[in-house]
């Protein structure tokens, strides 16, 4: 699956997107964040306050308990400040 | 003093304005309406439902118990429908 | 406090130009709300509205309502234009523009102004029907009166 | 139900043309509310905002918010334009136009749309300061989140 990052999540991780293949026991957005944090200090930094991170699956907002099975694109970003 | 009428109050009375010299005991807008109704059927018709009539003294809205002493121009009209 | 722009006029107005004038050259405005009230044809029944007004009072009363809005909200600008005379379906009747640094003040002030203009500005609408007859005076709506209680 | 007009674009927009397009040739619209959100200079501190967005999601999410507004209010038209990229003080960032036969629906829907766009549309603002430095990412305001509870 593809992961995409925006705003300071993108800046902290140091990339805008990447292809990922999480292990089978990574079932939800929360699991995904926990797994990403094992991948390096940049992810620990990006997700240090994980409750403030918003996520979207295939371009729709989801909560952290949402299952990621079948997702083609998962996005992580800070609270939005548009409008 | 000058009296001015608008919308269906004007149509019922049959004139847009007139000079009036009410007797000394006509002290309020309510008194004025009661006195006008003694002046003819057209006034009785215009003020038949006097609670729905709005009044202004010198271009500012007033209630029916407002004193008319010193007024230069008193206006009578239906509830407004602008905007 | 900004000085409100208030006009009572027979002719049409340019809502865009009014709102542009309010914002021109400024960098402190964060939100502009523009309300335009238009004449509807009431399902094809209406040929036009004839708006009667009390000329000497109209601008004064609109000015009082605008001053009240300026007292209640931190506005950076207010423009109100109200037409009188014959107005055809699709044409604009009234314009309210409010500018503020934040959206809530701009929205609330515009709604307040419209609610108060509806019930306090000395204008009366008479309907002229497509068949050429007089459709009578538009009656004030109870809901317009009730709308004032929220302020 | 009308089809909302939604655009996410880099360049400026013409609020007047958008609102005119919504009303063109119609005689059933009684009220048009236009909201324009502009970039402030924050007391002279700000040189520009850089708006980052999530291109694939932005139009879809704005579309979902617009559809929700159309379900809740009897609207005759909705237009939403949101810019991204560099935006200087005094320039517009976002436009919401709502049309209805009556003013309450047009006002409420415009406020609803702005409240939801603030918290749901995938845009992020970074400040660039006049002294040439990075002013950091604008933080989401608690009051913008709390504004959603009224809907």
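Points to keep in mind about this one:
Think of it as A, B, C and D in the order they're written, each chain with its own count starting at 1.
The rule is short, and it goes like this: contacts are C-beta pairs under 8 Å (C-beta built on N, C-alpha and C of every residue); 3 or more make two chains touch, one makes a residue touch a chain.
From a predicted model like this one, the values you see are computed outputs, not experimental measurements.
Here the chain-to-chain distance from chain B to chain C, counted in touching steps, is 1. Between the CA-based centres of chain B and chain D the separation comes to 48 Å, rounded to the whole angstrom.
Between chain A and chain D the centroid-to-centroid distance comes to 26 Å (mean Cα coordinates, whole Å).
For the pair chain A and chain B, the distance between mean C-alpha positions equals 71 Å.
Shown for chain D are the residues in touch with two or more other chains, namely 37, 114. Among the residues of chain B, none is found touching two or more other chains.
Pairs of chains that satisfy the touch definition comprise A-D, B-C, C-D.
Chain contact summary for the complex, chain D toward chain A: residues 37, 51-54, 56-57, 60-61, 64, 82, 93-94, 114, 117-126, 137-140, 145. Only residues 14-17, 19-20, 23, 25-41, 43, 89-90, 101, 103-104, 106-107, 110-111, 114, 147 of chain C touch chain D when the two sit together in their complex. Partner chain C is touched in their complex by these residues of chain B: 4, 6-8, 10, 56, 59-61, 73, 75, 77-83.
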